[in-house]
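One structure is given here, and the rest of the page talks about it.
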Amino acid sequence: MALRVLGLNLIKNNINLLQNACRINATSTTQAPYCNQVTVHAAPAAVQKQKVSKAMKAYLERARENDEFMKTQDLDFQIGKRHLANMMGADPETFTQQDIDDAISYLFPSGLFDKRARPAMKSPDEVFPARKAAEFDETGRPFHSMFYTGKPNFFQLLHDIVEETNKLYDLEERMLRRGNKPDENQKIEMAGFQMLPKDQLEVKLVETIADIEYSNFVSSMERLIASPFSYKSKNFIERYLKPLIDQSKQLEVPKPKIDEQGRQYITTYECLRKTARADVTVRMPGTGKININGKDISYFDVEQCREQLLFPLQFSGLLGKVDVEANVAGGGSSGQSGAIRWGIAMSLRSFVDQEMIESMRLAGLLTRDYRRRERKKFGQEGARRKYTWKKR
Amino acid sequence: MKMFRKHVGSISRISTQLQRGPPTVGSIAGLSTEAEAAPKQERVDEKITEFRTAITNPGGHSPLQIAKFYTIPAEEKKRIFGGGGLPKQYELQIKTFTEACLMVRSPALELLQYIKQADLSKPVVRYVLYGENGVGKSLTMAHVLHYGALHDFLLVHVPWAPNWMKRPKETANATGQEGFIDLPFDAAAWLVHFKTQNAQLLQKLQLKTSKDYVWSKRESTPTGSLLTELVEHGIARIKYASETIAAVISELKQLSTAGQCKVMVAIDGFNAFFHPETRIFSDNKQRVTPDRITLTQPFLNITNYDWTNGVCILSVDKIAMTEGYMESYMPRYLLGKDGFEHLDPFVPVHVDNYTDKEFTNYISYYVDRFWITKTAPDLEDQLKFMSNKNPYTLMQLVRGL
Amino acid sequence: MLKRALIYGKFRTNGIYGSFENGTRWSRLMSMYPPHYAEPIFKKDSQNMEKYELAKLSHVPIKAALNSSSDTIFNAELKQKMLAYIVKCGNSRLARELLTKTFEQIKRAQIERKHLVKQDNGHAICIDAEKLLIQAIENSRPLLQLSSIKRGGVKYQVPVPLTSKKSYFYAMKWILDAAKEKDRKISLSSKLAWEILDAAHGQGRVIKKKNDLHRLCENNRAYAHYRWS
Amino acid sequence: MSANLTRWLERSLHNCHATQSRTALRLFSGQQQQQQQQQQEVEEDEEFRVLNLRAVKKQVAARREIKRDPVPPPRSNRMAVDQDWTAAWPGPRSFHPASVPLPLRQGYTERGAAAPSKFANAELMKIPNFLHLTPPAIRQQCEAIKQFCTPWPKGLETEEKCKHHFPVEVVTTDFCHSLPTIRNPEARRVTVSLKLSELKFDAHAKDKFLRLVGERYNQETDVLTIVADRCPMRKQNYDYALYLLTACYHESFITEPWEETKSEADMEVYHFERNKAKLSAEAILNWNEAAGETKVAPSQGYAKSVEQLINEGENEYNIAKYKKEVLKMLNIPVAN
């Protein structure tokens, strides 16, 4: 949760909230508010009376300015949005962010590769990154007990993890005494998950952490998960897990097209291996014909290259059931056959079931082999080999 | 390439025999029958399976036998192909499998049918086998040659003509013609080959020469002497072997035109005679063209259309040429303008890769002979894909399985 | 822990995970692939592992299968390894041709033998060259090796057990070396074929070499404790 | 830090626009001033006396103030949200931040910083913008052009009809750009193209015509393309291209006297009649015939197949045809 703040929090509840974060965590699913958004309209009377520390004063000033700044930015954005709607001849009331993006990409067609570097018009909330909330009260007293560690949120998190772990140990002991065994079915499945990566954890905590600290976090989390009753604190654990992408579903399988003879076909363009480049067409009911640059398999006179073409067809069990056409240029015979092999494998995905796709992926058929020849370095005999050392 | 006939081995064997004196054909045949008798006996029971046929005479082959194997009896194999004619790798395979099996394939059947129904009183018809590398042109020719040997054809068989152009045993300047090159050893080897193939028939027919041949002051072959004597003379006097070949071939032409015998001419790699150059150097250190070699003339002579009572089976091959002349396997390209005009009109016979049935049978034959030991459900499909059903490629692939 | 390493392979460089002992997960130092890429399992049969293992791999990117590997009848693991040892100067085509010829010769020899003894025990003779190769390698695998360790200024030849990978390597290397040593006029393929046939039948120079090594280790077994102390 | 800076910059910029009173100089020293203000406030609270060990010279060299004109606030501030944009931005023009009332941002920044705004952002100027071609503008212009349009001529509805009535296609290019000169050297280039099947030839003429035009003819598409760009004017080039076409066409019908004397050696096509093939075929067919009898001529089909085999080059089809004809001529029965 992005917490955008720079406002000063003067309500005492908030202190409790921060201090009792772990308690809340254990009971409810709400997240620990490491920071939040507060708008200060004017300093309350109490503050004026008391003596305010200098740091507090500076902080107040900054908070006010930021607030003001965000407000004007927001206003600007709203006006800009209306202007844009007017330019494009659309209704400003129903002009959505999607419309804005479309209009901008039409009006300013940038060819930059990185999409984030292209011109954009976004709400200031998205443009300006989040800040930390006030960590001390008007007298300069920090709210958080771990304020002086410099990274209170992170250490609070470690503390929480340990507390969870201890609770689970207690539970385990009690259960053991009672003779209850942990439920195997409810065990936390880690196969599809990854611990929250460092950068994401940093965003979440609004703090920068060191590598060693991150690994401390990982090991303590692992200890928590390794506990037999870890499913009891599933909510807590899941907050710091990130689902992994299923590799086999990652690439979308194209739908086959229909050619003049009513056969299904798939063309894979840009099959690259070494310096070879190919495009491969696979047609579905076929007789196992193969056509490479107008020749049959005798295009390759090396046995290994033919074997490479055979590999995906044989592996998927479609040998003799599909026709293959390939145009290939550049590179040597090994590179060319590798390029075609990849093309065949990629095209065959459309004609086999999901299980087979996963199997082909495991066999390394669907990975593009982007290894290239390593260049020779000066002062060396080759890419790695050094000249023979001779003293003189 | 490597497999393709290097008859050096067989020829050297012949040449060693030459020095010892001419061997008698009968003794060789006798020896071989003794040696092969035992395995032949036990082969009888396993002979007829799905991919085998019991008909060992190529004359009896019909489309029914297509894609089936027939066995050439060992003594016949020795007689006909003793001096070459089967590819080297195939010879090895025969040795390992302890039987000489040939597959009956459609180009051979087509040729056999032409030969059987041909009107022999007409000028000879030239059949030209052509096809990609390793599709079985030589084996098709071997099949037809077997037919010819069993049906009283005098065989004029050149196992691999490019050998003369590419790696001759010895070269010498021709005595008779100025500026020509003689290949005495090769010529003598060929005469031996001719004699081995046709000894029985020559004995039976008792062919006579039609004119006097004067070799030198003391040596001559008078009119009316037996053709065998002429051949023997050529073998004995290597110096005159080339001229003897010319004499024998012109005699054969006359005899067959006269109806005294039937002649089957089979020349493998015929296009070598029309290659732009050979590897032979003349005295002035220049490459000689094939038409300056004395051996070329008689074989061009016998492939001409001006005689009857015979058939010509020729094959044109990419690998008979040298680098730079191997773009296509088509006869016109390989023969060149001169060769085409020399042969025209000829009957081109295309030899192609295996059909599906032939391929399946070949695989089962290999499995039967324990040559393929791998077992996989899609073994045949995989081999089919890898070899593209090309016989030679299949043979190479199966080696390591 | 291994499981973790697989998932967080990406962070291994951070320190703690850098020193994992699991050999399979270590990618080569200069590999073009990121360290969390897994090796491909290109044999279909070996993909029938436990479901959990597969589920784990389903989230891990896989390296591309090598050009020399495939799941066809022409490829086998040990054969591929042997090929890699035969190759000189990257000429794998020649190496493949040599091994094929070797197999051919083995088959010819075995078929000949089979025809000789056809009557009684013809079935006992193995013709499968690949099986013979595997048999030969298994027969010539050494179990122990002598390594010299310095103790108190004196070098002792201490018998040390070999890992399986290493022992396979020695087996193949010895067979190849033995083949290369023989008469130079005979082609490598036929020499290799003889060596393999010999080794597969438990005789020949390679087996002798192995036995010699084992005997030496046996003799030096008194020094075995120097491995630790 | 960078984030801070942007933030400050923007804020001060905004203030500056809003109040119209601050100078551009102050814009960049805004942060400093803020701090000074803070300091002053602190000093009000607790006096902090500075111990002055060495008397600082009061005399400071008076520096000449550089006078700069105040930067006027951006024009876009005064724009109404329902203005006529086509009037504000009538034609193509590179981006100008003050004239475009959009809070655009462009640029890649590290995590935790906002992208640079439209002011003084050169990247935005590099992009060719379409601000003059907004949907309302297009609509407006189409409306305006409409009165000059004429109906499409009848009979030329489809591409084929156009091609049929006007087989010759002339392509010229006009260039319009902002250079001091209005001429472009490429503008004089004239490309004339037509399908060769539109012209009528006999065999000799076609052969000669193709030799004359050389590479200008594309065998695959049957299109002749003449490009003329030698002359300085387009008109001259056009005239030359048409002249070239006409001249080549008429020249191709002229047969030179020497063309009759072409011999066998420079034979371009194979003629059965003139070759050895005929002799051999005749000799075979008339084998054993007496000299006086009428000779049997080889069949037309055979002659044709030989010619085809040699002229068209070898392929499976031609050679199969040749085989068929030979078998027929030599009277060899074919199975099945």
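For reference, chains read A, B, C and D in written order, and residue numbers begin at 1 within each chain.
Rule of thumb we're sticking to: contacts are C-beta pairs under 8 Å (C-beta built on N, C-alpha and C of every residue); 3 or more make two chains touch, one makes a residue touch a chain.
Here's who's who by UniProt: A = Small ribosomal subunit protein uS9m; B = Small ribosomal subunit protein mS29; C = 28S ribosomal protein S7, mitochondrial; D = 28S ribosomal protein S35, mitochondrial.
Everything numeric in this text was worked out from a predicted model, so none of it was measured.
Chemist: According to the touch definition, list the chains common to the neighbour sets of chain A and chain D.
Modeler: Joint contacts, listed by label: B.
Chemist: Across the interfaces B-C and B-D, which one involves more C-beta pairs in contact?
Modeler: B-D
Chemist: Farthest from chain B by Cα centre, which chain is it? Let me know.
Modeler: That would be chain A.
Chemist: Which chain would you call central, comparing Cα centres to the global Cα centre?
Modeler: Going by the distance between chain centres and the overall C-alpha centre, it is C.
Chemist: Counting in whole Å, what is the centre-to-centre distance of chain B and chain C, each centre being its mean C-alpha position?
Modeler: Computed from C-alpha means, the inter-chain centre distance equals 47 Å.
Chemist: If you average the Cα atoms of chain C and of chain D to get two centres, how far apart are those centres in Å?
Modeler: So the centre of chain C lies 58 Å away from the centre of chain D.
Chemist: Express in whole angstrom the distance between the two chain centres, defined as the mean CA positions of chain B and chain D.
Modeler: Centre-to-centre distance between chain B and chain D: 63 Å.
Chemist: What whole-number Å value describes the gap between the mean CA coordinates of chain A and chain B?
Modeler: That pair's centroid distance is 72 Å.
Chemist: Show the residues in chain A shared as contacts by 2 or more other chains, in ascending order.
Modeler: 303, 307, 310, 314, in rising order.
Chemist: In chain B, what residues contact two or more other chains?
Modeler: Residues 382, 386, 397 of chain B touch two or more partner chains.
Chemist: Find every residue in chain C that makes contact with two or more other chains and list them.
Modeler: Where chain C meets two or more other chains at a single residue, that happens at 72, 74.
Chemist: Per the touch rule above, enumerate the chain pairs that touch, sorted by label.
Modeler: Inter-chain contacts occur between A-B, A-C, A-D, B-C, B-D.
Chemist: Can you tell me which positions in chain D touch chain A when the two form their complex?
Modeler: Of all residues in chain D, those touching chain A are 3, 7, 10-11, 14, 34, 38, 41-42, 76, 79, 81-83, 85, 95, 101-108, 111-115, 123-124, 127-131, 134-136, 139.
Chemist: Any idea which chain A residues touch chain B in the complex?
Modeler: 288, 290, 296-298, 303, 306-307, 309-310, 313-314, 319-320
Chemist: Would you pull the chain D residues touching chain B in the complex into a rising list?
Modeler: 275-277, 280-281, 283-284, 287-288, 302, 306, 309-310, 314-316, 319-320, 322-323, 326-327, 329-333, 335
Chemist: Show me the residue ranges of chain B that touch chain D in the complex, using the header's touch definition.
Modeler: Chain B reaches chain D through residues 63, 110, 113-114, 117-119, 121-123, 125, 305-306, 308, 328, 330-333, 341, 344-350.
Chemist: Which of the residues in chain C come into contact with chain A in the complex?
Modeler: So the residues of chain C touching chain A come out as 3-4, 7-8, 10-11, 14-17, 30, 32, 39-42, 44, 47, 52, 54-65, 67-68, 70-72, 74-75, 92-93, 96.
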